[in-house]
Amino acid sequence: MSDVAKPRFQCRVDRLPMDHPGDMTGLHRLFDDGTLDPASIVAILGKTEGNGCVNDFSRPYAVDSLLWLLADRLGVRPEIVADRVSIIMSGGTEGGLSPHFLVFSVAASSSPSGGSPSLAIGTAFTRDLRPEEIGRIEQVHATAAAVIDAMALADITSPADVHYVQVKCPLLTSGRIAEAHRRGEEVVTENTYASMGFSRGASALGVALALGEIGPDALTPSAIGHDLSLWSRRAGASAGIELTRNEVVVMGNSAGWDGDMSIAHSVMLDAIDVAAVRSALSLLDIPVDGQLAATEADRICAVLAKAEPSRSGVIRGSRHIMWDDSDINATRHARALVGGVIAGIVGRTDLFVSGGAEHQGPDGGGPISIIARKRSSVANESPSS
Amino acid sequence: MSDVAKPRFQCRVDRLPMDHPGDMTGLHRLFDDGTLDPASIVAILGKTEGNGCVNDFSRPYAVDSLLWLLADRLGVRPEIVADRVSIIMSGGTEGGLSPHFLVFSVAASSSPSGGSPSLAIGTAFTRDLRPEEIGRIEQVHATAAAVIDAMALADITSPADVHYVQVKCPLLTSGRIAEAHRRGEEVVTENTYASMGFSRGASALGVALALGEIGPDALTPSAIGHDLSLWSRRAGASAGIELTRNEVVVMGNSAGWDGDMSIAHSVMLDAIDVAAVRSALSLLDIPVDGQLAATEADRICAVLAKAEPSRSGVIRGSRHIMWDDSDINATRHARALVGGVIAGIVGRTDLFVSGGAEHQGPDGGGPISIIARKRSSVANESPSS
Amino acid sequence: MSDVAKPRFQCRVDRLPMDHPGDMTGLHRLFDDGTLDPASIVAILGKTEGNGCVNDFSRPYAVDSLLWLLADRLGVRPEIVADRVSIIMSGGTEGGLSPHFLVFSVAASSSPSGGSPSLAIGTAFTRDLRPEEIGRIEQVHATAAAVIDAMALADITSPADVHYVQVKCPLLTSGRIAEAHRRGEEVVTENTYASMGFSRGASALGVALALGEIGPDALTPSAIGHDLSLWSRRAGASAGIELTRNEVVVMGNSAGWDGDMSIAHSVMLDAIDVAAVRSALSLLDIPVDGQLAATEADRICAVLAKAEPSRSGVIRGSRHIMWDDSDINATRHARALVGGVIAGIVGRTDLFVSGGAEHQGPDGGGPISIIARKRSSVANESPSS
Amino acid sequence: MSDVAKPRFQCRVDRLPMDHPGDMTGLHRLFDDGTLDPASIVAILGKTEGNGCVNDFSRPYAVDSLLWLLADRLGVRPEIVADRVSIIMSGGTEGGLSPHFLVFSVAASSSPSGGSPSLAIGTAFTRDLRPEEIGRIEQVHATAAAVIDAMALADITSPADVHYVQVKCPLLTSGRIAEAHRRGEEVVTENTYASMGFSRGASALGVALALGEIGPDALTPSAIGHDLSLWSRRAGASAGIELTRNEVVVMGNSAGWDGDMSIAHSVMLDAIDVAAVRSALSLLDIPVDGQLAATEADRICAVLAKAEPSRSGVIRGSRHIMWDDSDINATRHARALVGGVIAGIVGRTDLFVSGGAEHQGPDGGGPISIIARKRSSVANESPSS
């Protein structure tokens, strides 16, 4: 991504259905018919059909399948691919959610922007984070710096033009905790599962800081993971055991980019906040009366949303049972619910609805970002979806 | 219910939240403060928070709690209550669905109808069904006859005025199958779990027959459980091990009833068919633009819908994973999804969404019925909800 | 239990299978044929087939069914029964475990002891515990006092003759926590689920204190829930939301009791500690070579054991996945495993294996107590099982 | 495997623990330190930690990880590895079962047999099976022929010397069913999930036929999947979507092989049949009194067993709830139970207990095979475990 700049570029988004987490059929076809250049891929987001919790092997299975496929096509080792492409899988397609990959690639401009800013993408990394920095203010600041870097690469100058920031962040393992202890350092928590939430939370606050959603003064170290009144409107964070640093993918609109797509966002204030979904659609000039007409639904290239059970145990005063169900994890209920709410409006089920929303939207709600083709360009040829 | 007739009556619906399946707090309060006469109750529907599958003990726990409470209040044995009141629990409040009871009672008119037909209710039973009749044409005809009886009690003459028919039906047990065998009879299936589907299907077809949705000629014996092109637009059926006959609860609108409520229905053609939900609301003169305004949502007394995963494995062309998930039963996914879709429109989560929809709506869809207070009466005092 | 004393008594144990948690068939039959006097029942333990976790409604369903049945038979209100009979349900019959009730009753001696001490039982209650006392040293001391009381009622003077102490204890609810806060008091945890573990742990330590397993000096307040090197060899504790005080059931052997049964115990040091099971059997003079012969298995009236996944994540050096499985709760895996290990030895599956073993045996292990008919009495008539 | 013959060979078994299904650490180490030649591997069996049901992605994730690793080490494409090495993953490590790989390799003799027959292994394939042959007599006969081939390669002449036959077999997919229909052929079932059972059953009957456990006359076409009185004592079959033919791995003892290991088997008649486990151990000259002593447990290199819930719904007369639990699949309960029973005897939890036992042992039971180092050789150096 280091040279995503002066000659005009455009971002392409391919939405590929999958029959199982290792199903590479869609990518193979795009590569084989010359539609997509493997070297142009900068990020792949995927909704895989595991449980989205601790033992969700649909995620690493999909990641490894993608790495091996790209390595094979590019003639490099998988480790090299992992260094160059942000691959972020979110497990859990409960309810009607449909497993799919979102493949983001950057190529020389082939379709004009039509006069309005177009979808722009930039990726960046933090330095390696020490175990004692995870879930702490150091991770917040490192993430904020990476967001600024990625914005620059994406040629986005105003935070107002950023509409989605995906962060992939490390977690604490027993080994990392021990290593910190050997150096006499304390970690934020010795519970490895809990460390995922702290890392996601610190990452989301880093996004909020970079985008000016929260002022630096509001950010006391003790707020991380605790003061849920602080949240980003545009962050989506997930923790992965294989990382030692934060990966950041910034998406927004830029006059410096070409292409027929743009992005907008809103924030669902609770799990059934349809008004927020409609608001994001309106910003994309997609009229909605009830459910989107099929022609309008076709314009949508990606829906990226967060789902979390409200800690209050109620939705608009009515009790939900998500926290009480020992057979189905609460986050699984939440994804099914939010997926249904959004599908009702947009009329499609291939939605990237993910869980684990610490500091990402208010309690029980979450950010929602939508990428769509511009109205003027709907008649044009479009990438696979 | 034998005397629900000449002096004008009205149907009352109390929607009571529950903290657990044995939570009788709401009913106790209504009884204690004199709001509701225990003897006036004719039917109780409930969404309880179990898995809705084989080992869902939230259903019998709620049923027994209701029976013992009513028996205690009325000074009779629980068996007597069970004979007089239709108590039908549907397990499964996945996603955001909120556990609740719907208590239907009939009392002398206290609020006028306002000139339009009002919600009317009638209950009836079939004769005891022999094991070899379950899931067969005999059950279809017996159910149809009971629907006609219940319509008469509800003072509903035209099938067009019926908008919901809840049926509770028996299933085959090992003991009942053996008893049939001793008499030299064959049963529709020797799989007790499969018998539930056959019994629900035959019951739904009985409703369809009584309401003229299907002509008698279309109903060949082999169609039951197999020809899914035959379905009722208004039936909701559930099977219970404790029954030896069908119980039928008919709801509709009648000029012979008073009260401030009416009922309407539609059919969801797939799991995300928002147009059907909006259609039913329109029929009740409830304007919907996006999500119901809170004042309009308050008018809704009950939402009764069916949810089933499409057998095709797709929703509008996108794969769903409901049938492939060996950790969460497919019907649980479906309820969460349909609950989310409807909650998005009506803005509330205390919805009676149930599974097991053989011959109840098309594949992947299902009937939806809504009970609401009439527009003119919104300002009036209303039952607890 | 107030008059369980001077004339010689004997304890009877009926082990009753159940087809579902509300299945009272076995008790009805015993009452109807005059075998068992409802008034003689002092305690009922049951393994029900729910998930044994938060939303396990098989437990209250069974409890309520028992209360209503006994109330009906005794002509009193269910609340009176609840005050007089200890009814303790443990959810979870994973693997091959078979749902069953263990009904403990006390009646005048009808069969001699055969010269050796016989099974004796005593029950007692603590005073009501304030929220701030739960999971704290106050609960430890109150429980210890109740154990002493119950031992006296059971005519057991030496702690060495106590072989099982079942404790049912309260937990913290949001309401109780708020009540304590209003009085300016702090509670041990504001997490209601976590309070169950603290309450069980304090209760188990109370048993250990009463039986001299732990000296009072070892018991610092901070040890509760934390210092897992402190544990009882004979305590089994479960927390229930309906309680405000601890209920204690002590079982042991006493020369003051008649009857053909006795009890012994051992401690499984890990989940596959077969030697401990064999040790308990040996103490009962039950020879075991491989699996018990059927005639010896028939002598066993009850097996009471605790199961917990080891916190280390390994069993004898091999990794287990119990803590990593987000689809099946860790305690469910543990019960299935320990049930299999014990069933392999005793050759039967109606075993009372329960989870939640804080301070009840070492990490990954737990106490096991066995009640059996004495060798000399095997030929005699026996209670139903 | 084509040249496993004239110069004397020996079979090596490495049992490797895994931290997750993609954990190749153990193999990497063996390759890196020169202990194991990647080219010598003929079969890998693995217990992975998924649910063992439809959406168990731990299996293909492990298979792909192994294929890519071996391809990388051998400098060939993964497809070539898949053709040469039998890789068979069984999902489900419920209860205390520990995830592990069993790596079978064949190399020139380095340790003498000590005078008794040693563990021998042979693999073979059937021709490709047409969809209409799956679950039918053609698959039975093709499997039997492959078993005979594999026995020859393993230098085993008497069926009595065969002690385990692992079969991996294809299943019907929608595509394969359609292809058969286009040719005017009918398949055994149009239910793809049910086809797995038919394919496993036909494969097991093929083993039984080859080993003379069932005479050809007993094998009527209608028996497959229906007449459960027909079963193999040594077959273990699993179905995989990636196959179009049967893969067969035969293990037995042969005087033509060297090495310090041998194999024996028995049949568990129900899930708690400890006598069968002890019988297999005795055949290997492993004394068992209660649980194996650690030194004896160390001799055991692999335990291969089948687990299935009894269709009767009882174990020795006591009800089990495996079929009634809609939250946990019945096969998961069964593995946890049988794993506990066997672990109790052998004192270790890294056991290959798999489900899906059609025609593999009697209802509720299953074959058990054990590979162990010979008594005389215990003191010698041994492969990693």
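Every chain is named by a letter (A, B, C and D) in the order it is written, and numbering of its residues begins at 1.
In this section, a contact is a pair of C-beta atoms (placed from the backbone, for glycine too) under 8 Å apart; a residue touches a chain by one contact, two chains touch by 3 or more.
No experiment lies behind these values; they were computed from the predicted model shown.
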- Query: Hey, which chain ends up farthest from chain A, C-alpha centres compared?
  - Reply: C
- Message: Please tell me whether C-D or B-C has the greater number of C-beta pairs in contact.
- Response: C-D
- Note on the structure: Distance in whole angstrom between the CA centres of chain B and chain C is 42
- Query: Taking each chain's centre as its mean C-alpha position, how far apart are chain B and chain D in Å?
  - Reply: 49
- Note on the structure: chain D touches at least 2 other chains through residues 49, 51, 55, 321, 324-325, 327
- Query: Mapping chain-to-chain touches, which pattern fits: line, ring, star, complete or other?
  - Reply: complete
- So, in the complex, the side of chain C touching chain A is made of residues 51, 53-56, 321, 324-327, 329
- Query: Considering the complex alone, what residue numbers of chain B touch chain A?
  - Reply: 17, 19, 49, 51, 93-100, 271-272, 274-275, 278, 288-291, 315-316, 318-322, 324-325, 327-328, 332-334, 336-345, 347-350
- Task: Mind listing the chain D positions that touch chain A in their complex?
- Result: 20-22, 49-50, 55, 57-58, 60-61, 64-65, 68, 327
